[in-house]
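Paired with chain B in one complex and with chain C in the other, chain A is shared by the two complexes that follow.
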Partner chain A sequence: MTTETARPSPLQRVSRILLSDYFVLYLSLAYVAALAPFYPVLLTPANISNVLSNMWPLLIVATGQTFVLAIAGIDLSQGAVIAVTSVICAMLIAVTGNEAVLGNAPIWGAVIDGDGGLLSGVTGGLAIAILAMVVAAALIGLLNGVAVAVFGMPAFMVTLVTMLVVSAFAIYLSMSENISGLPEAFIDLGKGDLVSVYFGAQEESKIPRKVIYSFVTYPMVIAIAVAVFAHYLLNRTVFGRYVFAIGSNIRNAQISGVPVRRIVVAIFVISAVCAAIASILYSARLEAGRPTLGAGTFLLDVIGATVIGGTSLFGGKAKIIWTFFGVLFFVLLSNTLNLMNLSAFQVDMVKGAVILAAALLDVLRTRITRETAR
Partner chain B sequence: MNLLKTTSAAAIVAAAAAFTGTGANAANICFAFQDLETEFWVAGHMAITTTLTEAGHTVLERNANEDANKQFEQIKDCIAQGVDAIIVIPQDGESAVTIVKEAQAADVPIAVFNRPPTDTSKGIVVVADNKTIAETAVDSIVEEALASAPADKTLNAIIIVGDLGDPNAVGRKDGFYAAINKHQDRFNVVEVASKWDAATALANLEAAVTANPEVDLLFTSSDFLFPTIRSVFEPRGLWKKRGEDGHVLMAGLDGDKTACQLIKEGYVDATGVQDLYFEADAALKGVLEAIENDEAQPNVLIEDPGFALTQANLATDEMKMWGCILLAGE
Partner chain C sequence: MSDLLTFEGLSKAWFGVPAVSDLDYALRENSLLGVIGQNGAGKSTLMNMIGGIVQPSGGRMLWRGAPYAPQSAADASKVGIAFIHQELNLFTNLSVAENLYVDGFPRKFGIIDWAAINERTRSILQRLSLDDVEPSVKVGQLSPGERQLVEIARALHNEAQLIIFDEPTTSLTHRETERLFETIATLREEGRTIVYISHILGDVQSISDGIAVLRDGRLVDHGAAADFPVSRMIKSMIGRDLGGLFPPRSNQPDSDLILSARSIGQPGVLEKASIDVRKGEVLGLFGLMGAGRSELARVLFGLDPHATGDILLNGQPLTGGPRNRIAAGMAFVTENRREEGLMLDASIADNLALVSIDRFGRKPFALVDMEALSTRTEAMKAELSIKAGNIARQAAKTLSGGNQQKVVIGKWQMQSPKLFILDEPTRGVDVGAKYEIYTLVDRIAADGGGVLMISSELDELLGMADRIVVMNRGEVIGSVDRADFDREKLLAMAFREVTA
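Take a look at the complex of A and B:
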């Protein structure tokens, strides 16, 4: 007996690669393979360590954005949440305060003074401050969610307004000043090592250097824990199925008995909480609470990385593993553009072009999926 | 731009010769700056890059577009690329501390140009004596204001404050008050926040002038805000030359081309001058000598004493100001 298996046509093969969960990973590997001969520094331990450390906070924010995009929404307020939670945490745990800098801020004297923040030196103060960040973020997410789910307002408009109001509030709290003097235990959350590797003296540089690179870090552990939990929630639970049902067709989901309002509210809360967790890492690595964190082109990075991963802007299609690969590719892209010594303007233009290409690819993949389903 | 480049290059030829004279072989220098919004940063950028490239060094430029996290990542990328030294114009004093720590942990010598870390004990820190420079400039207009006003009149003064996360802004503010407080009972002071942003300064200055239409004296913490001040003052009849009725006494700080032009025209009365070429020279010398001496963590604070260019010394000291040198080149 012989079995005849139809050999896939070249078009089908391309379609399979495009639809593969690992497409962006393959793309990243191909990108590295293509550039490595010209930029050998790309594969040096120091550069790999850099790429990894730049990935983790972005991965956490992008994970939250993935949930929102999965319901065909968007959360523009993540950057503002990062800013306000950064200030909230810093004003509570700073070990010192500088009146010359913060004297005009409304928090001076009430929450922070020359001896530091309210929770400075308090047992468990750091944990309480982090809890305060998460609660503040959850409340902002709740407001977004209620406005979108209950009042039926467009997510774009709601989160845009939240972004404006919350970032203004962050600036008001510290009168736009950074709050430095954070405790070492907090800074370790953004920079601390669990495993670092010694590669010996670096010979190329003029000054012999210690070459010890961080690989397993606290940010890595935190980001992977968030991503694994999010993956489980999105792909292994009823909650996740509801998310995809809403993203695919909200009317059908309502008719099928999906608790749409509750799920939408929960998604915006998840997105904001992810932003607060990322805020811990960003504030800790920069060693200050900063009311301008998450401003500028930050959202471009978050949404770009998520979309590059393959999460659909039309909703109903998202995976955390895609977001992971998207963030990896995006960080690699930024890193290599730096290695190429391009100007900041050229870097942003290239990034924009790549995001546009990813959005076009999303359209193509959606079409292929529809064609295949027929 | 070409003229600026040519003039900058000409102004620092002597310095370039001195650097090559240190004997440092061609080195890879990472030059990371927060943006190039003001004339001071543009001229500083030009001075540093031109000098280094003319001396045969490779410059890796990184523009953070005012994003402290991006600048931190760019510095880490530079370190991974194995640069021999870093010169940074940081986003603010706090991020400068983190960046210096990161570079020194990797044994890469680093110089901080003009905007000092909040902790100036680490790295090669080149900074102007902002407080003294500001005080000298403000002293000159305070004395003039008092001399021309009735003895019992309280005068209204405005200070446009920079980003107080930047120690330069704090120093300039302190210098202003040091001058004003010598005659504390004679002045009402209104503070206008700029955050080193022209749009913010415009909005806040408009509000301040609307609330306090009578202005006797104004100090801006940076010369780059003079065009903004003009756009607020001119429609209100406050933009007048010296000798004209309604002239507001004005001083700034930086010493840029616009300030030089305005002092010559009589709209501005004084400006505190940072010696840009001295500062660029000091930063470059610092890192190149560190490379030459295999010194991974050089720590030194280099202060630029600066001076004030006023209407009184304009004729003699004009060409000591970098902005006037650039203006003359045009």
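Take a look at the complex of A and C:
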């Protein structure tokens, strides 16, 4: 309480910036401003459109992860959920099937054949398929949640095992093959644009698709809807208060009558369902169900973006707006590293360093709040 | 006798706010100085300056007449100053001998000389009458009292001349406390100087030969212990006369039972413990450490299981966990405020709101009615006179111990519960706030609620309770009405098995 009266020292000024909600937004803007003179392509409409399209699905996954980190947990199985729901969706709604590709898969003949998936041509089939994705994800989340909340197993271990088993199952279902031939209506969910911009000459009678840059897209609408909903859930509802209570001090939460088990289970379900929604966008963009979606370093992107935003790994501190800016920064980072023509290995090395820096920043922020409180 | 440690105009300010100002005092060699003061009076800052943890912003210290300006804890230890803290700084996974020698093992031909280590450790332990403790025993296996003596052994090993005790008795039993005082007397016979900081004023009065009172960072009063009755201590600490330590009880308990626990048993913890709390009653629950008081409280609140017996609240049997108990009208202030009672980093308002938050959820999405909630939390802040600025922004950890405890009580008060279980409600709370908490306890009972008050401080129960139930080793030994309160009788009941 001394900060209000005393003249702010440089240290206090630094800590105030570090603790600001918009710190990562400032960081992102500064980063772009610093690199734009050297990489003019950064600010071209094509690149901005590209950055945005990469942001939306990641934002949805990271939103789910934000809830889990808020209770000092971690969900490593999100990537595997994306993969398995992608395959489930595609095998149900594909309009054609290719025996040469999928002939060896256990789903061939049972769920999908030459005439497409089980739900192809069924009215409302798309909605049923999406429902199936969400239900499958919710079940996986439920398993995670019950193992953590009821059996008291560490989230790290539980979700690591889930990741292993579920991603193996996804690969088994299609024998590691992509399932293509998805209907247009589904693909539109990942690509369809509502507002696009064309910067070319006006007298052209036919505008080639590739010079139209989409800005407001279905993924944008879906991701922002999820984020806004999550924001209200976390900040304005009784549920959100319980989440923070568990993340701040779980013993206190229990004694204070917070339904700890129910909330923890719900959080893992939310995390998995967010992954399923992102899976719709990823699969639609790829125009295929892919059992290796969300594999590799994807998980690091999710947790890295969330932590860079400012959500604490120690629990009790989380904001959806932070995650939004964290995702923005992370996508910008990936984008600029690509523009620099670095190899995939170099990109991963830089990303790793940035995530480590973010984790360090988390520790630093925790320490600053502790010290300024004295 | 010469002066061991002298303060000359010693001051320390944090961000311009003075914590210790202009302190002048000379600590005589081989004296025992009791230091008292409310939380935030500057005791910790002063000790941290002596210990080299923080550096003064003005004035200086002299050690045996020579300037003393420690830059680190090692500097303090080098001149011969040792601290025995409330939270002991021992490695529980190491042996007694290893704890003594942890900053440097003597070697013989490059190999640790265990024979010498064990011999010296044993001789130090003997001086503390800890003959029955082997140097090779792991500290984790010792009782809190024995651990404290090991900490003192470490000070002796380092040849400390000045030993500073900071609230050393909070986790000790009565017997262990007695033993500690005997040890302190021995240390003085050996020519050592002691500074003893405590909230337990009776102890300070009886063992010290000088007493110093800090208030708002200033030395407001000091003198010989003989001229320093507890009433003068309190007066100096708070700057006004409280007219006694306890408010008068303002109501008589009803005959209706609120809580009735019958033959609660849990192997190894509780043996057929029965307890009744009446409407408007403050029931004190007394016993030594490990008597099963807190364990009974946890069972009553549904946190721990019980194998036999029934718990009735207003005649209705209780089942399920804390959620059900809360719904039935119970509240539980645990003995570990920081670990179990608060979200330290969260705001005061969030802490106050936690228990009753679902009452502020509006359909259909349980959106929190922020306006109604903030009106209610502000009202609770005023009702409990919680000393804070903006409760929506200020974190709970910034509050003093007493105000933190008021927040914990306040979060339950928001529900207007029928039965309050208070486990050590005034632990680590300064005198002024203690009085406020006692007033609150009286008010809860006067409003028709029941209070089960657990305490290790018998005086507190004698002052506040309408009736005291004594426990020993998981059993209820008996119950004594206010009219028959007698300190010796209650202590004898608590010690039953030890004295028998």
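Keep in mind that, in the parts below, the second predicted complex is superposed on the first by the 358 of 374 C-alpha atoms of A that agree within 3 Å, B and C clash if a C-alpha of one lies under 4 Å from a C-alpha of the other, contacts with A are read in each partner's own complex, and residues count from 1 in each chain.
Convention: a residue touches a chain if its C-beta (ideal position, glycine included) is under 8 Å from a C-beta of that chain, and two chains touch if they have at least 3 such contacts.
Just so it is clear, the structure is predicted and the values come from calculations on it, not from any experiment.
Looking at the shared chain after the overlay, A:365 reaches neither chain B nor chain C. Applying the stated contact rule after C-alpha superposition, one finds that A:335 touches chain B and leaves chain C untouched. Of the two partner chains placed by superposition, only chain B is touched by A:290; chain C is not. In the superposition on chain A, A:41 makes contact with chain B only, not with chain C.
Once the two complexes are laid over each other on the shared chain, residue contacts for A:54 go to chain B alone; chain C is not touched. Comparing chain C and chain B on the residues of chain A they touch gives the larger count to B. Within the superposed three-chain model, A:258 lies in touch with chain C and out of touch with chain B [touch as defined at top].
Of all the residues in chain C, the ones that touch chain A in their complex are 14-17, 301, 303, 321-323, 325-327, 332, 334, 339-346, 350, 353-355, 357-358, 360-361, 365-368, 370, 389, 394-395, 397-398, 411.
Those residues of chain A whose C-beta lies close enough to touch chain B in the complex are 41, 44, 46-47, 49-50, 53-54, 100-101, 175-178, 180, 202, 204-210, 282, 285-288, 290, 292-293, 295-298, 334-335, 338-339, 341, 343-345, 348. Interface of chain A with chain C (complex): residues 1-3, 5-6, 232, 236-242, 244-245, 248-249, 251-259, 316-317, 369-370, 373-374.
For chain B in complex with chain A, the residues that touch the partner chain are 25, 27, 60-69, 72-74, 76-77, 79-82, 84, 92, 94-95, 97-98, 106-109, 118, 163-165, 170, 193, 195, 291, 294-296.
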